[in-house]
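For reference, the structure is listed below as structure tokens.
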Amino acid sequence: MTYPSTRLDVSNLILERGEFVLSPALTFTAQGPSLIQLGGENGAGKTTALRALAGLVTPASGSIHWCRQSIDKLDNYATSLNYIGHVSGLSAELSVRENLEFIAAIGRQQQVRSPAAALALLEAQTFAEQPVRQLSAGQRQRAALARLALFDCPLWMLDEPFTALDADSRKLVENLIDDHLERGGIALIATHQPWGGRHQATQIHLGRQST
Amino acid sequence: MTYPSTRLDVSNLILERGEFVLSPALTFTAQGPSLIQLGGENGAGKTTALRALAGLVTPASGSIHWCRQSIDKLDNYATSLNYIGHVSGLSAELSVRENLEFIAAIGRQQQVRSPAAALALLEAQTFAEQPVRQLSAGQRQRAALARLALFDCPLWMLDEPFTALDADSRKLVENLIDDHLERGGIALIATHQPWGGRHQATQIHLGRQST
Amino acid sequence: MFDFLNKYASLMHFYRLSRRLSQWLAPLTAVLMCAGVVGGLWFAPTDYQQGDSFRIIYIHVPSAWMSLFVYMSMAGAAVSILVWRVKVAEIALRCSAPLGASFTFLALVTGSIWGKPMWGTWWVWDARLTSELILLFLYLGIMALQNAIEDRRVAARAAAVLTLIGVVNIPIIHYSVEWWSTLHQGPTVSKFDRPSIHLHMLIPLLLMSVGFTTFYISALMVRMRTEILRYDRKTNWVREIVTTHHGSPSSV
Amino acid sequence: MSPQALVCAVLRREFRRTARNQSEAGHPLIFFVLAVMLFPFALGPDTALLSVVAPGVIWVAALLAASFSVEGLFRSDFADGSLELMALSGAPLALVGLAKALAHWLVAGVPVLLLTLPLAVGLGLDPGVLAILMASLALGSGCMSLLGTSISALTVGLRGSGMLVALLILPLYIPLLIFGASATANAALGLSAAAELYFLAGLLVLALTLTPWATATALRIRLS
Amino acid sequence: MSPQALVCAVLRREFRRTARNQSEAGHPLIFFVLAVMLFPFALGPDTALLSVVAPGVIWVAALLAASFSVEGLFRSDFADGSLELMALSGAPLALVGLAKALAHWLVAGVPVLLLTLPLAVGLGLDPGVLAILMASLALGSGCMSLLGTSISALTVGLRGSGMLVALLILPLYIPLLIFGASATANAALGLSAAAELYFLAGLLVLALTLTPWATATALRIRLS
């Protein structure tokens, strides 16, 4: 399936966290298919920006529109969005499979694959029955990324998705993102590593300024 | 200063964690200057191996010798070693500077720089007064790595040192490692990212096997 | 010196030794206990105050003594674990805790059964009674700590530290009746110079006590043998045993 | 997905986590038992005194145990990002909150009730008083779980949330304590405790209808 | 580096962390105050009864507060890797343990002592009994901090360490409680409490000499 018309408009977004102010204000428009790579030095505000775009942080000012509607007013924004941040969203006591089953059970997003199939896609079957607490850093990251294969969301936001991944898994994730773009999706990724997928990435560089 | 004669001998090291067994057994010798990059897919056992070499995990069998003495019998192994793992060793409530001052105060290793100078070397002055809890992922990693500049230890062990670092900081850390090698030191790094420093890195590939 | 000690305390040697030991101890236990029960139930005279209800003493007192004795032997094992890292002691500590807890539980239960006719209630918050209850919690704590740590050798050392910290409680339990004048019986038997108990009552009691001790040791040996096999499961001698006897370690 | 299915999914997850990490779930129970059992040591073996204070001691221990077992209700969900995920999943948070409270009651409230029996007998409580104590605790513990879930949601992820929960929750629990204690006091005097029990039942119904919304709002505030 | 300097470095760090995160440090204190204050609600306004149970209630509340404030003593150090770092730094861990226990006593023990004064007066305690209560609590809380540090070290990083700490620590604290309670009971009867206080002092000396080694061993075990 493909996504008919997807569009994210961000204008004059200003974010504050304590002393830190994201500046200059963030303005861009993304129309699917499009891949946006957020760059900028450490502490530039990439994580903060992604969280704001996901609706998890309230911006100081500016607006975010999804399909021409402000995300504050949209009820179903959450179901269009797959956000994967620094923390994995996996409960340490449960096995990878149990975690994914819970995510599938509560998610309002459209599910396209069974948890087992999603794990297989990430080549995570070998450790699917291990409790998350026992996983290595890379295994944990792969378990978190399996969410991308589980749901069908037009908008992806990934914060440092390649952390701790070995070369093969990295390729795997790049392919996932490429496929997503081919379906007409939008992907925002914040990473310091060069993008190696088939599609072209638009670079957005965040400057840093402390006041 | 340079390190006169440094030598790490690892022979037939076998590690176990629950069902996981590191195999084949790990055997190598490193004589300063030398840089060893531990490779292997996710879950191959790199982190486990580094922790065992640092003396934090008791191996199931095999021996680790530092300067021809078993590390179990060495009292001062800890003072020759700078191990930086996944967790930062920084207390979230304290500022970066306070953390480094505490580390300098309790460390038995030979201190070569003041905490402030060590932070300056990592270009971490801008956030030195912020509590660690507020730092971005890369800033936190840099604060942890400042320990490398603080002490004078012939043996370095770094687990994914480049995680979340921007290109400049990455170069900085590579230079630190190069300088360390020039002084005759030994560095073991576990990372999936290609090594970009001046010196040649010896690759050790860990295989994975679950019993 | 320690190498020598460790060789003698090697698991394989101990495994063989323990089998011989329990071959002797198991029948001895049976004999002692039978003699004690017969002596206690038939030959001991009826108590002039308590009637026949006192006969529960033959279970109560030995198990109460064992609850303290097992703890003290665990403390001994704990020292050898922390100082010399003796593997056999690690196993002995791990296997003793449930036995000690059972003795304690038995002492509590028989005590309160005895308390009903004696004091008119199952339970009073008397110093000795409550401190015996604390001992039960100590045992449970040691077991819980051992279960919480996955690596058995690490678990054994942690349990050893805890056991030693808890040793302070033993004298408190033992002397509690003297320090606080309480409901519970003062020392009647252990005043060996002039025991305030009839000889026909005393002898079965002593028989039972020795029988409980040998029971503890032989039960410990059985438990330890299974645990030894688990410890050394990757060594050749265990593999040999397991393959020649087709599984079930308890049958060896 | 139907509301029942959602509640079931949350309950199943909570039960699994409890089963995996029994010792964490056991903490409030052990705390409850030990807190009650410390009193005989502290007050001495005076049986009459013990049986007079027993219902009060049990109520206070149950309150304290509830107040600090609710504290962790959302902690790991918040830390590992699951809470963010639930909010982003679009599932109705009020239902999630209700399911969480139910899970808390089943995992922490009911066992406290069961443990009360032997403890109360050990402290020499009269059977008639014991029945009223159990009834008042059963109603009260439901309220405690529901109220506690809201407070826990309000403070999740805040530094020192433990203190905040204790500080915010105990004043809310005090009415429960007053009615519970006066029910058992009436019973001890041979009077009827029906009025107090009706009142506690009323509070429970109120909490059932209102707290899920409070929890949902609190979670939304904490996540933004 | 000299032992004093090491102890000072650890103390300074602990104080700073406490100052930054006051609400976490305040939790056991709030708990202590609330636990004591719940009793008048639970037992009703019978002043005579209250003043009889007051020393026991205060001792129990202090024990419970200590038992769960020590629990977190090493938690964040373990989680953020600081503990590993201290072990790798080559600093003597026994000294670190002693400094941690001292910090705990200063941050959690002393404030409990100070809070005891108004609470005891509020519960109608007699001044003579109050003095003995304070003395016994002062000695007892030192033991609690020292023992608690060892147990906390032994369980740090284990799943469900909260329950383990409670389960392991309370049996060790009960002797303190028994002596403390019997000291105040003697004082209430107008008898001398010297024997019990000497005993508590002896336990404190014992704990001072032995527990730092236990803590160091425990930390080494947990890190391996």
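Going in written order, the chains are labelled A, B, C, D and E, and every chain counts its residues from 1.
Just so it is clear, contacts are C-beta pairs under 8 Å (C-beta built on N, C-alpha and C of every residue); 3 or more make two chains touch, one makes a residue touch a chain.
All values derive from a computational prediction rather than experimental measurement.
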List every chain that touches both chain A and chain B.
-> none
Which chain pair is joined by more contacting C-beta pairs, C-D or A-D?
-> A-D
Quick one: chain C and chain D, Cα centre-to-centre, how many Å?
-> 39
Calculate how many whole Å lie between the centre of chain B and the centre of chain D, each centre taken as the average of the chain's C-alpha atoms.
-> 46
Just how far, in Å, is the C-alpha centre of chain E from the one of chain B?
-> 37
Taking each chain's centre as the mean position of its Cα atoms, how many Å separate chain C from chain E?
-> 32
Touching two or more other chains in chain A are residues 93
Within chain D, the set of residues that touch 2 or more other chains is 21, 23, 41, 44
Flagged in chain C as touching 2+ other chains are 127, 130, 144, 148
Flag every residue of chain C that touches chain D in the complex, lowest number first.
-> 121, 123-127, 130, 133, 144, 148, 182-183
What residues on chain B touch chain E, complex-wise?
-> 54-58, 76, 78-79, 81, 83, 85-94, 98, 102-103, 105-109, 131
Which residues of chain A touch chain B in the complex?
-> 17-18, 40-43, 46-47, 86, 126-127, 134-139, 141-142, 160, 163-170, 192-193, 210
Touching chain C in the complex, chain E uses residues 147, 150-151, 154-155, 158-161, 163-164, 167-168, 170-172, 174-175, 178, 182, 203, 206, 211, 214, 217-218, 221-222, 224
Chain E partner, complex, touching residues on chain D are 21-27, 30-31, 34-35, 38-39, 41-44, 49, 52-53, 55-57, 59-60, 63-64, 68, 158-160, 162-164, 166-167, 170, 174, 177-178, 181-182, 185
